[in-house]
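First chain A sits with chain B, and in the next complex the same chain sits with chain C.
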Partner chain A sequence: MAIKFNRVDFKYKGEGKKGYLALSNISLSIQGEGEFITLIGETGSGKTTLVQHMNALLVADSGSVDIYGIKVEKEAVKKKKIRLNPIRKKVGLVFQFPEYQLFEETVLKDITFGPKNFGVPEKDAVETAKSVIKIVGLDESYLERSPFNLSGGEKKRVSIAGILAMEPDILILDEPTSGLDPLGRNALLKVFFDIHQKLNKTVIIITHDMNTVYEYAKRVLVMRDSYLVYDGDPVNLFTSKNIENWNLDVPDVLDLTNKLERDLGISLKTRPRSASDLTKALEEVLR
Partner chain B sequence: MRIIDIENLSFHYRAGTPVLEDITLHVDKGEWITILGHNGSGKSTLSKLLVGLLRAKKGTIKVGGLELSENTVYDIRKKIGIVFQNPDNQFVGVTVRDDIAFGLENLQIPRDTMIERIEQYARKVDMADYLNKEPHNLSGGQKQRVAIAGILAMETDIIIFDEATSMLDPKGRNTILSMMKQLNDEGVTVINITHDMKESLYGDRIVVLKNGKIIKDDKTDAVLKDQEILEKSNLEMLLPLRVLRLLESENVKDEKVRSYLWQLSLTG
Partner chain C sequence: MKNIVIGRFVPGKGFLYRMDPRTKIIALVFLMASAFIIRDFTTMFVAVGLLVALLFVGRINIIRVFSGLRPLMYLLAFTFIFQLLFNTQGDLVASWELHYSPLNILAVTMLVVTWFFVRRRLPFKFFFFIATFVGVIALFATLRLGPAFATGTLNIHQNAIETGFFIVMRLLVIVTLSTILTLTTKPTDLNLGLESVMSPLKVFRIRTEEMAMIISISLRYIPTLLDEANKIMLAQASRGVDFSEGKFKDKIMQIVSLLVPMFIISFKRSDELANAMEARSFVPGQPRTRLHQLTWGFADTVALVVSLLVLTAVITSRVVM
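Coming up: the complex of A and B.
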């Protein structure tokens, strides 16, 4: 197991979030390859706090998080007994507004910044940059451009390329598609799915978009008031009563499937999770 | 009755790269207009021009018959308010009360009226219990409701929602949408800038922007079924229509399913 949470509690201290309990008794395991996970829940439920424990940006108050065999505990981190660099290399985290974090004069310099910091020679870092820029759906000509003249969607792609250049096994993205137009969102989701499928990496996405969850996720984590209340597959989640209690929306495809079955008496042979699957399922019963 | 007249409006940050080009748009009092468009199409620039945060290079904007200029910008802002995308970026006050008061202070409203209005509009957006709370401890939906109260307190006739729901969780989004609906029913003119096709079902009319130009301005249902226009602007049709089109392209013809999907696509 790549990441293992064992009864983790975490409280924010200091001004503002005084005494604010963000994680309560969290236990879960994440594999280092082949997972496609979406993490959902209301604003303030602890989603961002949870993923920040996955690469030791935050450290549990009690309980422990095991990351690639390194036991991240409060005392050990305080006494600097733990080297965090290997963890950061294995688990890449893309923040909610990654575009605010671009700072170099060219895209190339931004993408190679991380690897060079980790001691990768310039020549190799440039080669990696050339390959990751394509993975995120841009071409090599972008490498010489200034990141500040790019569109919002392009900036997001460049920042994701910067994290991919570190070649992490696990890629975590905090609300990567919010604010993008439908075409931009679909294209970016396809990028994440390709990274998962072709490179066999584990991808974890925080989102409020139930359609993304239903269409792509193999596993869903639901946070509610600092607790992990669901860890399982999306079909069971959205067909259970909990979606009302947890203030989640019904995905469009499921909603339309239910309406067709209820109002037209159609009974589909499969449980479609995308528009094209729903069309195929309808075709099957209508032909 | 006309409430907004935009004539031949153009804007650029750098000469030679227009952000908005020759925009002409009229809005009636009490209307709900949805503005759709791809990222970078000029939607947000248009809203900033409307409230005088940016100055047009060419063309005119009239709000309630009053032409926007340096001299009138503060009067215009009494007529038109804006709720931005990121709920965290629009707070200035230490408490919710201070925040709602901020706009009123700028208008130099007498203290008694101010206190009254703050209470009144906090109740209206269902945030009266939070007046003494710190804004940053609220949820995204609650923050947006406070922002709305701040605008309502100035008793504006028009509210622009600039992707105001795009960062909210499903519950937050639904509360803001039903609040928008309620305000519109009471006569407030709503301009909703969004990427969410389902939100556009609430409105009377849709304006589609592409690369700084209006490529379509028509009734909501006419635009929602116009696949070509929507795709041109990086948008997608609502799911029932998408499924219907896919079925048609596979030559599956079932009248009952067709008319059902058609009807759903116009009601949500």
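Coming up: the complex of A and C.
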């Protein structure tokens, strides 16, 4: 078990006397390989706080998080008994806004910044940078450009490349596709899915797009008002009655399948999870 | 970072919250002026007593004010120590002969090394630091280990103690007073108040409205930028930047990785703010109507008279004594 939350509570201080409760009694385990998890929930429900606990950027007020055998607890971190950098090397977290991390003169320097912090030699880091920039859908000519003259989507890709270059075992992305056009979004999601499939890595994505969840996720986590209310299969989630209570949308494909069955009496043999699967299933039935 | 109080409004109750911002600003000027004029110990202690009383009566969280003063501690301590060491006016109060011998220096080095290793484990780091500093001087002054290769004298003069004390007290009083103003006044009210107080300057063609706007926007953005800084630190920490340790060379890199995004974000934010203001038809220098009108109450008159009385009292005491 790579990451294990054990009854974690977390409160943001400073806002009023009580503070803002962001996580309550969260228990959860995540494997170090082979998982593709999406994390959904309303704004302010604690999604970002949850993932920031996964690489020890935030530390639980009570309870503990086990990350690759290192027990991250408040007291231990305060007294500097544990080193946090090895954790961050293994669990890579891409922030929602690339502006928070880009700072170097060139894209190349920015991408190699992470690996070099973890002691990777310059030469190897440059090689990795050349390969990751292609993975995120840009070409090598971008490496010499300034990260500040890029468009929003390009910045986003560079910031993802910066984390990919660290070669983490678990990749966490906080709304990686916000601000991208549909084409770029799909391409990038394919990239994450490829990373997950080819390298058998665990990928965790925070998203508001239910289609992504339904198409790619093997496991869904739903956060609501600081509680983890659902942990399991996406099909069960979207066919249950709870989705309305949790203010979640029904994915387009599922919505269309339901309507086909209800209004036109067409029942499919399989349960399609993506648009292309739905077309295939329809062709099969209508032939 | 989170407990920096300067410039942050904290909602609360108490008469200071209900007062007109104009009163608070003018009273602040009077009281600050008084703090500069005071030259004798009794008056200074009375002034500090009044200030503490004001905090109590205004129901302001004193711990909050003190935690805001914490970053100033080093500045205050160094001002005081520099006064002690370099001010040579007035009567001689105390004099020590400093004995620089190899063994003495060894003892001092041992003290500093102990401080360096123990400091992380101790509470009250600041007092510990001061104690060590005093300890170093005390060691040189008292120990007589082996022959000295050089000697020096440490003279402390009466003026040094007095000036040091007054500088420290004045800074404390001024910062506490201005913290009270910003703690109890909403940025929008502060803006209105400043504008209104500065409006006589219009005679000299100074654009007071814009100045007030600039001041209030900068005050408003201090907490926002601190929050941003915190987020940047988290983002860089997840790329392996460890802000709590590292060699000097690494430290520079850490600071650059924090400052560059900080600058970019500030510029971007100010650009967005300018656009948002223009989108709502803000034109610099044009007369505007106001949502909130300032109202002058009886309490305001009383507060103003009291602060004026304090100023007069201080001036009289200075003239008389």
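Definition applied: the second predicted complex is superposed on the first by the 281 of 287 C-alpha atoms of A that agree within 3 Å, B and C clash if a C-alpha of one lies under 4 Å from a C-alpha of the other, contacts with A are read in each partner's own complex, and residues count from 1 in each chain.
Simple rule for what comes next: contacts are C-beta pairs under 8 Å (C-beta built on N, C-alpha and C of every residue); 3 or more make two chains touch, one makes a residue touch a chain.
What you are looking at is a predicted structure, and each value in this text was computed from that prediction instead of being measured.
*Asks:* Regarding the shared-chain residue A:Ile111, is it in contact with chain B (first), chain C (second), both, or neither?
*Replies:* Neither partner.
*Asks:* What is the contact status of A:Leu189 with respect to chain B (first) and chain C (second): first, second, both, or neither?
*Replies:* A:Leu189 contacts neither chain B nor chain C.
*Asks:* In this superposed model, does chain C or chain B come into contact with more residues of chain A?
*Replies:* B
*Asks:* With the two complexes superposed on chain A, say which partner A:Phe148 touches: chain B (first), chain C (second), both, or neither.
*Replies:* second
*Asks:* Considering only the touch criterion stated at the top, classify A:Leu138 as touching first (chain B), second (chain C), both, or neither.
*Replies:* After superposing on A, A:Leu138 lies clear of both chain B and chain C.
*Asks:* Look at A:Leu286 in the shared chain and tell me whether it touches chain B only, chain C only, both, or neither; answer first, second, both or neither.
*Replies:* After superposition on chain A, A:Leu286 lies in contact with chain B alone.
*Asks:* Give one of first, second, both or neither to describe whether A:Leu39 is in contact with chain B, with chain C, with both, or with none.
*Replies:* It touches nothing on chain B or chain C.
*Asks:* Which residues, counting only chain A, touch chain B once they are in their complex?
*Replies:* Going by the criterion above, the answer is residues 16-17, 41-44, 151-153, 175, 178-186, 208, 210, 247-249, 252-253, 256, 259-260, 263-264, 266, 275-276, 278-279, 282-283, 286-287.
*Asks:* Where on chain C does chain A make contact in their complex?
*Replies:* 2, 120, 228, 231-232, 234-242, 244, 256-257, 260-261, 264-265, 268
*Asks:* Within their complex, state which residues of chain A touch chain C.
*Replies:* 13-14, 52, 55, 57, 80, 84-85, 88-89, 92-93, 95, 99-104, 113-114, 117-118, 148, 162-163, 166
*Asks:* Quick one: in the complex, what on chain B touches chain A?
*Replies:* It is residues 37-40, 85, 134, 136-137, 139-141, 163, 166-174, 195, 197, 233-236, 239-240, 242-243, 246-247, 250, 252, 254, 256-257, 260, 264 of chain B that touch chain A.
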